[in-house]
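Reading through the structure tokens given below for one structure.
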Amino acid sequence: MSETNEAVVIRGGKDLPGFHKVLGYEQVSWDEDVAVISVELQPHHLNLAGVIHGGVLTSLLDIALAQAGTYCPYPGRMRKAITLSLTTTFTGQCSGGVITVTGQKRAGGTRIFNSSGEVRDAEGNLLAMGEGTFRVRSGSESPEGVPV
Amino acid sequence: MSETNEAVVIRGGKDLPGFHKVLGYEQVSWDEDVAVISVELQPHHLNLAGVIHGGVLTSLLDIALAQAGTYCPYPGRMRKAITLSLTTTFTGQCSGGVITVTGQKRAGGTRIFNSSGEVRDAEGNLLAMGEGTFRVRSGSESPEGVPV
Amino acid sequence: MSETNEAVVIRGGKDLPGFHKVLGYEQVSWDEDVAVISVELQPHHLNLAGVIHGGVLTSLLDIALAQAGTYCPYPGRMRKAITLSLTTTFTGQCSGGVITVTGQKRAGGTRIFNSSGEVRDAEGNLLAMGEGTFRVRSGSESPEGVPV
Amino acid sequence: MSETNEAVVIRGGKDLPGFHKVLGYEQVSWDEDVAVISVELQPHHLNLAGVIHGGVLTSLLDIALAQAGTYCPYPGRMRKAITLSLTTTFTGQCSGGVITVTGQKRAGGTRIFNSSGEVRDAEGNLLAMGEGTFRVRSGSESPEGVPV
């Protein structure tokens, strides 16, 4: 969990289109079996009560848990997976600051893998935890992956 | 599942701040134990592969399942709940058009309730299904709810 | 959901070894995409409070949801799947009588399928609902399946 | 995670009635926020393929996760909780030997708590992981609990 390489930088959510840009996450680290992303909360991440929306927590867990099983060390290449199921347990709330999401691959073979992870606020309080099952897309089974 | 009242109109996501506005849903209907919302997919709802991001599906299920257990018939008032756990099974993909999310309360007492629901694309294909457990917030136990 | 054939009769839990015998379920019906089993509750199905143990509910949902995606119309043959993930929401309790578990396949391709289902007591009250994701075992992709 | 006291001994599944006796677990340890149980697999824990039935894994996770949030240090007394939701991700298989189930309380207040946990075989391989949300029963909010 040390160096960030180019591939990691490229895939920080802020530089990506679509829903990734909405979430606006930074890639803290990404290594074999472990991925960490962080988000500085903005008003558009909050719900009507002014705290982080549960959907932001599930979305970020989905991303970090998928990343944990699809590390690709080669710049300009990536590995892809689709989520089969995702479960989230909500354990806390926060209304601002930087939250950190950690995903860890827990098991898996060539095509299916399982991850778990958690979201913590800036003080380290647990906001949510989750588990997911993923299917590796064709072409993404080996570390070489496919072009970005 | 018939009339839309003022409370329903007020709470369509497009007119709300924060993450609700990002999701941009319309309130199709909202009655005792059943809520329906819809979203016309925009580029910011998609993932890197150009299909709806899993986090959009989980977020919309969270909202419709919570609504199913917090119907409030009085304009200008609402009932609030927090999500304890949410699980989503992903069953399909789509890249555009209007998707519809239905939440149904399945059981529950004064403080805790359970809902299930599904997301379908414009052709009726199942995109995701989910289950959630919710806790009613203080003051929201009765149909009168609290001021918006 | 009509006729019971020999394959169905053979696979009622009472006639099977191992944990299936412990659960002691009857096969009410088993057709393409839908399976129904029932259990007459015995003291060994209960918890310390004298009501059905949560583990009995999850176990029965696991079986009915897997069956829903592995119907095999040929006597003496069967199709096999393994559970990737299972979630259960507990909505009620009961201490005796016959409970009925229904599993329905909701989506899926050749190798992965998704089911949802529910457990009801003799009066029709909802005791639990659940969702599962399953992987079809090699040789079980087609309706012909493999020898029992 | 050190001493076993009388309350712990009393509640090992082998000495309990009902479904607890079927599961036949030993209480390895039980302390504030962490519980560990183990089972020496018997033929009645297996499925038709001769490996541990998924329902055994979900049942044991249900017990260990509930215990993690209901530790009671007073002999002859206990604290009770009911499971609201439980999710299990299945990651491995085994056909015999002693399996160990660890439950850890992750968050929670007076009435609701959340746990996660895992099941490992005798070689330490991960068989399953899970998350649960529980409601503490009336009278069980404080460490004193209620009489067994």
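Before moving on, here are some points about what is shown:
Chains here go by letter, A, B, C and D, matching the order in which they are written, and residues are numbered from 1 within each.
Definition applied: a residue touches a chain if its C-beta (ideal position, glycine included) is under 8 Å from a C-beta of that chain, and two chains touch if they have at least 3 such contacts.
Values in this document were obtained by computation on a predicted structure and should not be read as measured data.
Taking the definition of touch as given, a chain qualifies here only if it contacts chain B and chain D alike; those chains are A, C.
The most distant chain from chain A is C, comparing centres defined as mean Cα coordinates. Centre-to-centre spacing of chain B and chain C amounts to 30 Å, using the average Cα coordinate of each chain. Chain A and chain C, compared by their mean Cα positions, are separated by 34 Å. Our note on geometry: chain A versus chain B, Cα centroid distance of 23 Å, whole angstroms. In chain C, the residues touching two or more other chains are 84-85, 87, 89, 114, 131, 133. Taken as a graph of touching chains, this assembly is complete, with every chain in contact with every other.
Touching chain A in their complex are the following residues of chain B: 16-23, 43-49, 53-56, 58-60, 62-63, 80, 82-90.
Here chain B touches chain D in the complex through residues 84-85, 87, 112, 114, 131, 133, 135, going by the rule given at the top. If you check the complex, the residues on chain D that touch chain A are 87, 89, 91-92, 106-108, 114, 116, 126, 129-133.
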